[in-house]
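Pasting the structures in now, so scroll down.
Look for chain A in each of the two complexes below; its partner is chain B in the first and chain C in the second.
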Partner chain A sequence: MTTKVSRQVSGHVVLGTLGVLCVFPIYWLYATSLRAPGDIGSLSPLPWPLSLDNYADAWRTIDLTGMLVNSAVVAVCTAAGQLLVGLFAAYAFTVWRFPGQRLLYLLFVGSWLVPFQVTMLPNYVLLSRLGLLNTIAGVIVPTLCSALGVLLLRQHLAGFPRELLEAAAMDGRSSWATLWTVVVPALRPVLAALGILLVINAWNEYFWPALVLRDNAMVQLGIRSFMGTEGNDWGPLMATAGLACLPVFALYLVLQRHIVNAFVRSGLK
Partner chain B sequence: MRVLIQAVTATVTAMALVGCGLGGGEPAPEAAANRVPDLAAGQQVSIVFESYNFGQAGPWTDTFTELIAKFREKHPNITVTAKKPQGNSPNPAADTVSSLQSQLAAGLVPDVAQLGFSDLDFTVNQLRAAPLDDLVGRDAVQANFDGARHPYAKPARTLGDWGGKTYGVPFVFSTPVLFYNADLLKAAGFDPSTPPATWAEVERYALAVREKTGKNGAYVDCLSKIAKDWCFQALVRSAGGRVISEDRTRLTFADPPAVEVVTMAQRMVASGATPKRTQQQAVDAFARGDIAMILESSAVQGTFAKGAKGKWDLRSAPMPAFDGRPAVPTNSGAALFVFAKDPAKQRAAWELIRFLTSEESFTTIATKIGYLPLRTGLVTDPAGLKPWADSNQLIRPNLAQLERMEPWVSMPGTNYLQIRDGMMEAVEDAVYQGKDPAATLKARQDQVSGLLAAGR
Partner chain C sequence: MFRAGSSGTVQIRPVSAIQVEKLTQRFGAVAAVDDVWLDIADGEFMVLLGPSGCGKSTLLRMIAGLLPPTEGRVLIDGVDVTHAPPQGRDLAMVFQSYALYPHLSVARNIGFPLRARDMPKRAIEAKVADVAAALDLAALLDRRPRELSGGQRQRVALGRALVRDPGAFLMDEPLSNLDAKLRAGTRAELSALHDRLGATFVYVTHDQIEAMTMATRIALLNNGRLEQVGTPEQVYDEPASTFVAEFLGTPPMNLLDVTLRSGVATAPGVTVRLDLPDRDLILGVRPEHLQLTTGDEAMLRGHVTRVENLGSEEVAICAVGAATVRVRARRPIGPRAGDTVALRADRFHLHLFHPETGRRLVPLTHQEISCVS
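== the complex of A and B ==
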């Protein structure tokens, strides 16, 4: 009995310690953002007196509203596009048999294994030729197909009862109607979970937007507006970083169950 | 007749030799026809200006935006699109060269770009910046340096030169300055009005500060890869050496003067005079008042002033020397280069450079951002920057060092960054990881010397 209790206690201590270690950088981010500008270098664990000056400074110095809107547009459009492409591809791979199907599917899966650094430059040159450099569309378009989305949805659709598809065909429904009236309603939990995961992934993306956009038009890039050769302006930098984290935190609070579900389904984390 | 033929032959030969550039030491004056023509009245031109100053919010972006607006008022026919370098480094100044490279790959190049002096060789020989002497004539370039009232400081005029021609007009610069916390020096028993002038004194002061106040002594921000090599070059030059031979064909950073510098720095770390910190940690700790002295770029002065405000007494002193030898500061900073290919854009680019390096612009930049003007006469001009300079005593060492600084020598060839980083990694390994200075520097010099030849 004692051993069981002590194991439970030690387990909780380890988990608690790890939890604190994980949360501490986020706490420090908000603590620093709430310090008075004159105390910004302070190492005191509790910021006092509290001040919103850094948030006001960030808001005054950069176009935070525009950046947040742009980031939201990129995250939502990217996720929606990836979901749609994933759904169509997975549906096609599951419902029909066609020559080269296996090869095509392997190509989709294989594209997941190609490092971003390999595709980065060709995509950049293509965007340049299309005149999409330094545009929000340029950030979204090359990322509209997610191999992860195709892979996950195809796995789920593989287990979809074929009887339902056959019954829909016997009812005289077209493939298009079957997709939207039979398949999608049945896959709603999966699509919701995957959609959340894709939004979070797109929101957290830094490298690709940084390559395409040069004017710090998204909040993830706006953070670096406070870094430079003359030193870093930690106060507004932390305030902007804090604001950039808020939408994901809010999403997590509201859709906690779905997000955990999404991670479990994707086999990640 | 024979004499006439000989005379004609000699004349033709001489003319041919002159035409081939073999005619003597002085460069032949270039024909005016080669110059880019002035813009015709009402001729509309659009150019792109790429500067890392647009990557930092606040006074940097605001001041340069204001300057571009003023330029537009003076040149209504020239439209300037200002951009920051493309890339994903937190510090936009780190993206300048890679930004140009990626844009070259995509066939888009800015017409004017602000690039660092350490990239000069690469900028001229690989990125193919246009020689300003050829574009607008040497006289026009020199006339711009002379200015309307205040000429450029003499050592600054040639910082953007390559092979006898001016490619870049120096724009911003900084030198290594010893910033110190006067309160901590006082607490350690020293007179803060006489800061250390030699490295031996720095070490002595630093150990005393550590012993008597418990704070850290001195940090030298010249000894890590992230600090690049501009300040390390200053230390090695102060010790009587160079990191590369004067003809830039042989690396010399394993020679005794460089070894002496690294050994001194390693000893300071081992004795506790220097804390083992990263560049960012040291800058923040000094701004917080936790380190007594830091040898740092004068460009970081604003960060220190903000940290010290109302809390401790920030002062500055010239870069310390090695015993019996004069300190040789080198410069960090950047120049403005033209990459435009179209003659009209080239002319517009030159007009922008002239405006940005004018007395008026330097005055605006100094008062709003704090950069020291390269037209140093402005700081003694009551109608110029004298009031500003009088209220900014911290700039004095930087200003004094400008008159005796030596250029930051860029590494040659396409592998210049690997050579520079390789050298600084070896310095870092010796200073902070305790490796043998002579052996570590020698091994790395042998290793990267191959890159020197391969990159030519």
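== the complex of A and C ==
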């Protein structure tokens, strides 16, 4: 009896500790951003007195509004593009039998396994030839085809009742019309959840935009403005980072159930 | 339940005849449908009947255009549509799972085929209301499929097929998800619907009662091959093979291996006078055609091992030599388990089959026996 209780207690202690470890850096980020500029190095766990000076500073130094808009555009366009490409590819893979299908699918899966570092340089060179360096389009276009999106959507479409597609064909719809009138509406919850995942994914991207955009036009890159050779300007840096995280947290809070669902339903954890 | 449309006008609808020539579907080495020739006249209620896995659905899907055949042709009203997509065939299909669009209301499900044809909104609404009234669905038009019972879903699926006035209806076991009582009721309604519409029906089932009660003709399939095509009476009264003889009837036809020598067919417990040349045979007789007898006209002698009560009738299961013979008659049938019995049947109720091929044999004259088709 006592061992059972103690095991439960120790279990909760472990979970609690892990939870604190996960949350602490985020807490520290916001705590630091809210300290008065003079207390930035302070190690007191509670920031006091509270001050928004760092936010004001960040606002003055960089074009935060523009950056946030750019970031949002990139995240939404990337996610929408990936969703659309994934939908078309997954639909084709599940609905039609065509020669070379397995090979093509393996290539898709394979492209997911190739590390980003391998494709980074060729993509960079290509963008520079196309004159897309330092543009928002340059950030979006190379990421439009996401193998992850294709894999997840194919997983869902494989479970889609074939008889529904056949019924639509009997009812006079072409496969294009069937996609829009039957498949997409029936998969709407899945598409919404996956879309949110892809938005968050795109929003959290740092490395690729950092490579393409030299002028720090996205909020994730704006953080760099406060890092200098003479040392980092911690206050506004934390404030900008805190702002960059907010949309993702907000999305997660509002749509928590859908996001967890998307993972559970796709069979990924 | 299927009342005439509220508009009350008599519609002249196109009715399609369907021909299937040499149709074959191979999945790898397996021939799911093998060299099937079938002529379905316009207005016919053709039932494709056979055990699970015999290729009924595959055949229907090839007629529908959902599955391109490996070989052979499909003709609708004489036009070769083998390579035409389903949309070009003017056929409506009712699926076993009903395949209702889960995100659409009943009204929008029924109207779906009409919206695909860009019919004006008003006309669609009127047509949907008509069909819904005929199918007793008027009160359910705003529900989603998941909020319906099995029987209601089945009627929505039927409504979606009806709304188009197609040349022919294809149905793949539409009643198999209903309970027994609802199934019996819906059988009668489907027959009435067929009579009223005069449209061509091609109906897949493995249920012999559905086939016998609704069909104008039955096509029996076995392992992808056509065993027999005929009216319910023909396939029941003159089964073309032992397969058909055993598939139809409850209990199925009794089949006995016998040896015919100088006018007498014998096997352990069996003595039947047959005025035919010497040969080996399979002798068939339906359980309801066997009668208990006492005299020396007995054809089969054995003992009862069990008696099953079917309510109005009883089935006596008898051991005749090594074979099992079932006798079906009004309750009480008479003998009980353990009793010895002697059985006879009228000459014209005896069926003869080839011992190897299982095909039906008909005596042409008293001197020879030939194989039917």
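Convention: the second predicted complex is superposed on the first by the 261 of 269 C-alpha atoms of A that agree within 3 Å, B and C clash if a C-alpha of one lies under 4 Å from a C-alpha of the other, contacts with A are read in each partner's own complex, and residues count from 1 in each chain.
Methods note: a residue touches a chain if its C-beta (ideal position, glycine included) is under 8 Å from a C-beta of that chain, and two chains touch if they have at least 3 such contacts.
Quantities reported herein were computed from a predicted structural model and do not represent experimental measurements.
In the three-chain model built by superposing on chain A, chain B fits alongside chain C with no clash.
By the document's definition of touching, of the two partners only chain B reaches A:Phe207; chain C does not.
In the superposed model, A:Leu164 lies in contact with chain C only, and not with chain B. A simple residue count on chain A separates chain B from chain C, and the partner touching more is B. Of the two partner chains placed around the shared chain by superposition, neither chain B nor chain C is touched by A:Met67. Judged by the touch definition given at the top, the superposed model places A:Ala186 against chain C, while chain B stays out of reach. After superposition on chain A, the vertex angle at the CA centre of chain A, spanning the CA centres of chain B and chain C, is 150 degrees to the nearest 10.
Shared-chain residue A:Ala92: touches no atom of chain B or chain C. Touch criterion not met for A:Leu198: it reaches neither chain B nor chain C.
Within the superposed three-chain model, A:Cys77 lies out of touch with both chain B and chain C [touch as defined at top]. Contacts of A:Leu151 after superposition: neither chain B nor chain C is touched.
Once both structures are fitted on chain A, no C-alpha atom of chain B lies closer than 46 Å to one of chain C. On chain A, the surface touched by chain B in one complex and the surface touched by chain C in the other have no residue in common. Those residues of chain A that touch chain C in the shared complex are 161, 163-164, 166-174, 177, 181-182, 185-186, 188. Residues 61, 64-66, 85-87, 91-93, 95-97, 99, 101-104, 112-113, 116-117, 160, 164 of chain C touch chain A in their complex.
Touching chain A in their complex are the following residues of chain B: 52, 55-58, 60-61, 83-88, 90-93, 99, 102, 105-108, 280, 283-284, 287-288, 297, 299-300, 302-303, 307, 309-311, 370. Against chain B, in their complex, chain A makes its touches with residues 38, 40-43, 61-62, 121, 124-125, 128-129, 133, 206-207, 210-211, 214-216, 224-234, 236.
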